[in-house]
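What follows is a pair of complexes built around chain A, which joins chain B in one and chain C in the other.
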Partner chain A sequence: MTASETAALKTMLFALADDEFIIGHRMSEWTGLGPIIEEDIAFSSMAQDEMGHALGLYSLLHQMGEDEPDTLAFLRPADAFRNSICVELSRGDYAFSLMRQLLYDGAEAERFEALTQSSFPDLANLAAKIVQEERYHWIHNTMLVQRLAKGTEESRIRMQSALSELFPYSLGLFEPFGGNDLLVAANIAPDENTLRQRWLNRMCPLLISYGLAVPAHQKGDNWTGDVEAVFGGRNGRHTEHLMNILDAIQLLRKADPKAAW
Partner chain B sequence: MVERTHPYSEIWDALNTVMDPEIPNVSLVEMGIIDEVRVEGVTVHVVMIPTFSGCPALDVMRDDVENTIMSLGFHAEVSIARKPWSTDRISESARNKMKTIGLAPPKQHGGNVEWELFSPVPCPWCTSENTTIENQFGPTLCRAMYYCNECQQPFEQFKPL
Partner chain C sequence: MKRYSFTCYHQPIEEGLALLGGPLPDHDTQWPEWEVFIQERRGGSHINVGAVHAPDGEMALILAKETFTRRQPCVNLWIVNTQDIHSTRYEDEAIFQSTFDRSYRNTTGFKLEKPVQATEVS
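Showing the complex of A and B:
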């Protein structure tokens, strides 16, 4: 791997690791508060999975010369985080969190399926592991979103408003980053635009089949979003929602760097 | 250091007594979590494969493995492999032991997990296939929750991976 490919790979790994870490934390906020006990457990388990994926990705960065995973998670300032804005937004109501998880896990599935073919073997192996676990998230999320979208009038309205609010942010999961073209040329990682297209083609027909209105249109085989994507996170431009998370997550480590728990 | 004639089998036997912290009657060897054992002089290298990437039991297992190796008089070097673990690595003996504690074992799927995800899960108590999934997620990352309509008992399934 050339120096510029390594730099581009690190940029991408920070983006993916931070996405997993932050959405994992957002999901964990449902522990003890789930609307029913099954969902309390489901969100807690999915949160734990996402944290595991974050740890795997941070470990890969550590192997490439970056700090220890705990240091990366607990001691970086907000503007060093490269997560998309989609994952940092407050959890909202259960409909909002569930819809975000469906949109995010769809993106994760496309992304990590592609990464199983990476020419960087450690990343390909980690991707294969993540794909295994994401199957369960996908089944859970599609089942629940479908039931609620087709459920009562109130549940339908809540799922629709969550989707309408989240759609521009979820397009931001594919925000371009510097060096993506180098990674594509070296078969290390897929092109973000290609991933976005696959994700649109996966999500739009599915959500429409649930009776939801999607701000996108179809042309030939491909779907195109009708709203502007919300970018910024991949360049370290975040909302106050990320500061709130980091205040909560980093408080203990910053107060006592040697604390063990 | 005592001269050892069969260090490998001795080490594997010892590791076979290290139990999975979440399945107390099944060892890490039977779970297929121990991938490799290599002896170099007085050091034993053990490679482990985590079941689920967010599994909090991994650190406990790692400590248990290190302590076991050290109790045999070796230095322990334990590393975690990144390759994906699969439930196909679980031994037949472990599958039978799981049933005795009310845990439905995953079937061998040969890589075809998608099919396995939607096939009926027999009750570990009464073997009936008249069972219903209650939750894809359970008390640990590796388990789902089911209910047997036949013997009317709840049970857990070790998820196929």
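Showing the complex of A and C:
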């Protein structure tokens, strides 16, 4: 791997690891507050899965010369985070969190499925493990979103509001980053535009089949979003929501960075 | 069509219902109960480990997976609607008790005096 490929790969790994870490924390905010205890347990367990993915990705960065995973997670300032804005938004009502999970896990499934073919073996192996866990997430999210979208008037309105609010942010999960072309040329990682296209083709017909209105249109085999994607996160430009989450997560570690756990 | 104002901060259910003009007629969050059976290895019995609330059997499988199989091995799950189970009553517990001596039904009633010896047949 050339030096510029390595730099591009690190840029991508930070983006993916930070996405997993931040969404994992947002999910964990429902622990003890879920709508019913069974769903509380399932959602909390999936939060742990996402944290596990974050640890795997941070560990890969550590192998490539970056700091320890704990240091990366707990001691970086907000502008060093490369997560998309989609994952940092406050948890909202349960419809918002669940819809975000469906949109995010759909993106994760496409992304890590493609990464199982990476020419970088450590990443391909990690991707294979992540894909395996994502199978359950996908089944869980699609089943529950479908039932709520087709449930009562209230549940349908809540799911539609969540989708309308989140759609521009979820397009931002595929925000371009410097060096993506180098990674594509070296077969290390897929092209973000290709991923976004696969994701749109996966999500749009599904959401429409649940009776939801999706701000996108179909042309031939491909779907295109009708709203502008919200970018910024991959370049370290975040909202107040990230400051708020990092204050909560980092408080204890920053109080005594040398404490043993 | 009622307008629904959305903020991405937590919105309590009361607020959402107020926007809809009060609870809906079918506003009922009590889901049916489903019995969960896990099979630890292929060919083994499915053992009842508890129950979950879920809107239907398919959803019950998904919720039972996280509730019951995270800390023990499982290769297969069964879900049965609790309503579909026929059960005896604890008031009738006496039907399982043997009032008179029926120890002859127990294999312990047979005493093995001497192990059977293999005999040579010439």
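We take it that the second predicted complex is superposed on the first by the 259 of 261 C-alpha atoms of A that agree within 3 Å, B and C clash if a C-alpha of one lies under 4 Å from a C-alpha of the other, contacts with A are read in each partner's own complex, and residues count from 1 in each chain.
Basically, a contact is a pair of C-beta atoms (placed from the backbone, for glycine too) under 8 Å apart; a residue touches a chain by one contact, two chains touch by 3 or more.
Because the structure is a prediction, the values reported are computed rather than measured.
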Joint occupancy of chain A by chain B and chain C, clash or fit: clash
Which superposed partner A:153 touches (first chain B, second chain C, both, neither): second
First, second, both or neither for A:129, with chain B first and chain C second: first
Contacts of A:91 with chain B and chain C, given as first, second, both or neither: second
First (chain B), second (chain C), both or neither touched by A:56: first
Touched partner set for A:171, first chain B, second chain C, both or neither: neither
Touched partner set for A:139, first chain B, second chain C, both or neither: both
First (chain B), second (chain C), both or neither touched by A:163: neither
Touched partner set for A:109, first chain B, second chain C, both or neither: neither
Offending stretch of chain C which, after superposing on A, collides with chain B (from 8-16, 62-70 or 98-106): 62-70
Interface residues of chain A shared between complexes with chain B and chain C: 38, 41-42, 45-46, 136, 139-140
Residue ranges of chain B in contact with chain A within the complex: 52-56, 82-86, 113-114, 117, 134-139, 141, 159, 161
Of all residues in chain A, those that touch chain B in their complex: 38, 41-42, 44-46, 48-53, 55-56, 122, 125-126, 128-130, 132-133, 135-136, 139-140
Chain C to chain A touching residues, read off their complex: 2, 4, 6-11, 16-17, 20, 24, 26-27, 29, 31, 52-56, 58-59, 62-67, 70
Residue ranges of chain A in contact with chain C within the complex: 35-39, 41-42, 45-46, 89-93, 96, 136, 139-140, 143-144, 147, 152-154, 157-158, 161-162, 164-165, 241
